[in-house]
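As written, the chains take the letters A, B, C and D, and residue 1 is the first residue of each chain.
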Amino acid sequence: MMMNMVQAINAALSGEMERDPSVVLLGEDVGVDGGVFRVTDGLIDRFGEDRVIDTPLAEAGIAGVAIGMALNGLRPVAEIQFMGFSYLVLNQMINHAARMRNRTRGKLTVPMVLRMPYGAGIKALEHHSESTEALYAQIPGLKVVVPSTPLEAKGLLISSIRDPDPVVFLEPTRSYRMLKEEVPEGEHLVPLGKARTVQEGDDVTIVGWGAMIPLIQRAVADLKGSAEIIDLRTISPMDSHAVVESVKRTGRAVVVHEAPRSFGPGAEIAARIYEGAILKLEAPVERVTAPDITVPLPKGEDRYYVNEKKIKEGVERALRF
Amino acid sequence: MMMNMVQAINAALSGEMERDPSVVLLGEDVGVDGGVFRVTDGLIDRFGEDRVIDTPLAEAGIAGVAIGMALNGLRPVAEIQFMGFSYLVLNQMINHAARMRNRTRGKLTVPMVLRMPYGAGIKALEHHSESTEALYAQIPGLKVVVPSTPLEAKGLLISSIRDPDPVVFLEPTRSYRMLKEEVPEGEHLVPLGKARTVQEGDDVTIVGWGAMIPLIQRAVADLKGSAEIIDLRTISPMDSHAVVESVKRTGRAVVVHEAPRSFGPGAEIAARIYEGAILKLEAPVERVTAPDITVPLPKGEDRYYVNEKKIKEGVERALRF
Amino acid sequence: MLTDEFDPQKGEMLRIVDEEGEADMGLMPRMSKDLLLKAYRTMLLTRLADDKAVKLQRQGRLGAYPPSKGQEASQVGPAMALKEEDWLVWAFREMGALLWKGVPLETQYLYWMGNELGNVYPEGTRVTPSVVPVGSQVPQAVGIAYAGLIRKEKSVVLAYFGDGATSEGDFHEGLNFAGVFRTPNVFVCQNNQFAISTRRSRQTASATIAQKAIAYGFPGILVDGNDIMAMYAATKEAAERARKGKGPTLIESFTYRMSDHTTSDDWRKYRSKEEVAEWERKDPLKRFSAYLVSKGFLKDEASLIEELGELVEKAAVQAEATPAPGLADVFEHTYAEMPPYLREQMGGGWK
Amino acid sequence: MLTDEFDPQKGEMLRIVDEEGEADMGLMPRMSKDLLLKAYRTMLLTRLADDKAVKLQRQGRLGAYPPSKGQEASQVGPAMALKEEDWLVWAFREMGALLWKGVPLETQYLYWMGNELGNVYPEGTRVTPSVVPVGSQVPQAVGIAYAGLIRKEKSVVLAYFGDGATSEGDFHEGLNFAGVFRTPNVFVCQNNQFAISTRRSRQTASATIAQKAIAYGFPGILVDGNDIMAMYAATKEAAERARKGKGPTLIESFTYRMSDHTTSDDWRKYRSKEEVAEWERKDPLKRFSAYLVSKGFLKDEASLIEELGELVEKAAVQAEATPAPGLADVFEHTYAEMPPYLREQMGGGWK
């Protein structure tokens, strides 16, 4: 069936809820309203308000309740309405969800998914455009996953729900309705922790994820030279092996993300590339990112957001070096 | 006067409170108790309970109140009892303190300091050993400062209090009482955003901060070859210029931090070194860090914490490459 | 003390002018004709400016926007009790309050059009910028008030937030601090019955929001939020108490959001036409104008509407004529001084 | 209903056995002699084990430790009302409650000695591990209870926290969720008058903590926390209410921390000897033993002390004999499956 990402996520959720009665959804407006992006549309009618739970407006509470549910046998999928409000859950996620397995030596675990729309590029309200995936990625015990297409979203979300560890699932708002593709009706699994080669190539490796993938694809369409595009999919634990192996072949690397540059995910990816492929590198790793500023309000957003031109320039710098 | 770091911080606070009536302290147990590490000891007696404020147990509240104070003409210095509890303030710090200047185009600002003990190496209780400075460092608009000695602590804290922007001031618990040194009684300023060359050398540049500095010094004491040691002091905005220039001379770099490796500050430092000095580098940048695990309880702490041996090995790897 | 007379635990609600415009003169605060007319004018301007904002959004000339419709009394009433030196701390749905306190309409439009200059208010206007992360402003308002105390000001800090905000930890922590420090705060919860699609009854099992004050050791009062007199009277009393050093008050304004949550929302997903129609009957503007007409204060509403309509048009034009931020604008306010690497980023690649 | 009889807003406190051991038989819950003696035994064991932990800490054989002294009734009383299928969610100062619910003393020592195995409880023990970040456990307890409902269990979830914890947003958000979802939760606030050095009066301006329940739409009750009968009776009623689907209860246990906050603390910094002596008079163990002696239930306390003392010694020895975690232990529980780079880190450099 042709689906956009919103539909694909909805399908993943309903499929898993059908299959496993321990899967429950909770969050602000996920029930009657079907979520502010309609991602959970119709699910309350199918699964009832006990399993599709409209919560009070309290993010830390949502995360804490989800952790408790997971400790007592459920597989909660909690939604935070926008990533910019997710800082409120960091105490629960870092101090509890991420380390429960370790601190009880595997006795108690927190198989939960924390879903949220993230990223800019849609000229949204203040605080609705954040991409702070590095906040989560740096926490041992958490997994951070970002889908780049409807099909990927379905497969990665199902894997996240079934994963025995807490997963932060970031949905690029910009990609929600950007594109439709064929998504199988039944089960479709994409393993966590494995990058995907979107396009093979020999001259430069471009690493990205989420809403960056289509931008990268367009940016290299008429490139002189052949680019290998890697969709990282899982930011942490990162499949650096795939990246490093590719760079060993191409000798050049460009990392693209929409988060600000400094202390962003690109730094870690670059560091791992250097550590793993230094002797094969023919150019420094290019980081194409947002600048180190607060996401501007809509009228200034273009001065912040990564675009095809910036990617192209980065790739050309890498090729030219 | 000979002072340890606790005394030096206390002196900085009392000096600034003396000088500027708009400086106030707030936090859990900072008043009557003088703080759990006695950092604010005696200040309530000197400055009264209106300016040395014992707050209810609520970190987000502390940060939010401090932001409000700063908006209305005070210079609050807020204490969070341990960095492991500071995740509760991230919404206030990221969504408000960090961006107030930008979103009001300079009209409203938040000159506040958020102080907290941080780091492991003292076999403390759970959640009392975190070093998640990268969480703060990645936020545009925040400054992140870490002193490495008593003298540095005094100078950096005074500068932080006088700084027009919000500063997160991280005090390495391990260094609180480790060493005494001469600290001048009166004003002593160390500028933010400038790294310090602790020791000059030609063969390798070692970058660290806080409690890592004495470890690095000891680790290289009998090194064959001469090491340049740079105390970064300000993690963000980072003085990458100083680091890059040094590496251009030495050709080799080791970054040492006690935070886990992945997505840690070392990644950004390494990335900037590569970007700025790639043609002069004779070895990959070594990252000597904690592994990507939760800080273990005391009995396992040594398996986590950076030590002289690990630093030495890192330096030797860099020299040998 | 109104807070003694109206006990939220018994469900008692302060109302001075009823839905037909009939007033209980025993409770009526002293208000000059001028003040009344200025209040009505501000409410009407808010209604018209709100309509215009929604229209601009539909035309793609303004971003997502949270309408005020139905909450004009709830917004303007409290603001009327403020003096110039008092602070107003808002969330994101308080256009009327801002208009009263001196934030020009064109500035507000500018903000919703997505320009940071919309957060820059005229010199001396003691109004904080919008706070979108729900509830965050509450402890901030307490800090502002505390600073006022330390600086020996006599100013009061009025903070608005919604019914949804009362579920956030920040609401709790802020009110608890205010209770402990006895700061000069007035907390106005605009209970408009919804947080997006979430009904008030689902937000908390507390019978009223006003009674939550009991948890913090200061008074709470439930007020008819569609009655500007009641909102003004309750806030005035609370502000006076605060100014006298007697600590904070929580005011629950019982009102209704007559329009969508924002222009991205569709209220038909979660409430019935009948319910909305019922509240349209209780429209705060209708009630207030009925009262003013009955007093003989309001005569030529049509020409007032025309005058205000022109103001609105002018503000929209002015906001739209403001240029988008330049490159330096989005970079140079990150810190007081731009770090070298940021200057480099500004120079190269982000042109 | 005790919650109807004792109104915290009027300052009414449930007490069954007074400081002299005199009982109000009208309020006395049904408790067998065996149950009473088991309770006393657990309280006494807690006292002795607590003393021992402090001594071990002073000798450098155990890390920082938060003593329970004075709070044994407040801890054990609520736990006694739990069935095996019920959950106990604690903070970090509830040794007595854990002993009652089946967490062995040696396990508890192991935790305070700094070994993660101290968080591993016997199979089937429905007790969550310690929660040091104050207040975080409250919403978690609500989630556990919700899961019980969904899974059609009849279990109740008892959560402990301190007076200080009530200031945290997590307390508020958790109780508010519980009120909305009517989860089978019993919340026990051990108000031991201090959060480290911060007095209860500085923690919140609310006259009692019990009355904070009014903000969440469920009952709250103030109980003499040094009276095990009262704590048991109040919790039993609350647990029954929860089990019947009638929602949560907040119990304020009015007690006192007789010792330091932790072994790193020095209480003389912030309270007087007189104050502490006054509370020593109210020692929950004394009161309970006076009652048991008066009933003729407790005869040979000396030999009980001896027996329990031996248990304590044995537990300490056992805990100390447990080897420190190996390299694999600290790495392999980060994720269910170890990522390749982590395996590499474990292999090289962190030996």
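The rule is simple: contacts are C-beta pairs under 8 Å (C-beta built on N, C-alpha and C of every residue); 3 or more make two chains touch, one makes a residue touch a chain.
The model shown is predicted, which means the values in this text are computed figures rather than measured ones.
Minimum number of contact steps separating chain B from chain C: 1.
Taking the mean of C-alpha positions as each chain's centre, the chain lying farthest from the centre of chain B is C.
Chain A and chain B have Cα centroids separated by 30 Å. Chain geometry summary: the mean Cα position of chain A and that of chain D are 40 Å apart. Between chain A and chain C the centroid-to-centroid distance comes to 36 Å (mean Cα coordinates, whole Å). Each of the following residues of chain C touches two or more other chains: 116, 133, 167-170, 173, 176, 180, 202-204, 329-330, 334, 341-342.
Residue positions 56, 58, 60-61, 84-85, 88, 91, 95, 102-103, 126-127, 140-141, 238, 262, 292-294, 297 of chain B are each in touch with at least two other chains. Taken as a contact graph, the chains are fully connected, with every chain touching every other chain.
Here chain C touches chain D in the complex through residues 9, 167-173, 176, 179-180, 182, 202-207, 211-212, 214-218, 247, going by the rule given at the top.
Considering their complex, residues 87, 116-117, 119-121, 128-129, 131, 133, 136, 138-151, 169-170, 173-174, 176-177, 180-181, 329-330, 333-336, 339-342 of chain C touch chain B. Put simply, chain D touches chain B in their complex at residues 63-64, 111, 113-116, 118, 130, 132-135, 164-165, 167-169, 195-198, 202-204, 262, 264-265, 269-270, 324-325, 327, 329-331, 334, 341-342, 345-346, 349-350. Chain A makes touch with chain B in their complex at residues 84-85, 87-88, 90-91, 94-95, 98-99, 102-103, 126-127, 132, 134-135, 137-138, 140-141, 236, 238, 259-260, 262-268, 270-271, 274-275, 278, 284-285, 287, 292-294, 297. The touching residues of chain A, when paired with chain C in their complex, are 28-29, 31-34, 36, 54, 56-61, 84-85, 88, 123-128, 261-262, 291-294, 296-301, 303-304, 310, 313.
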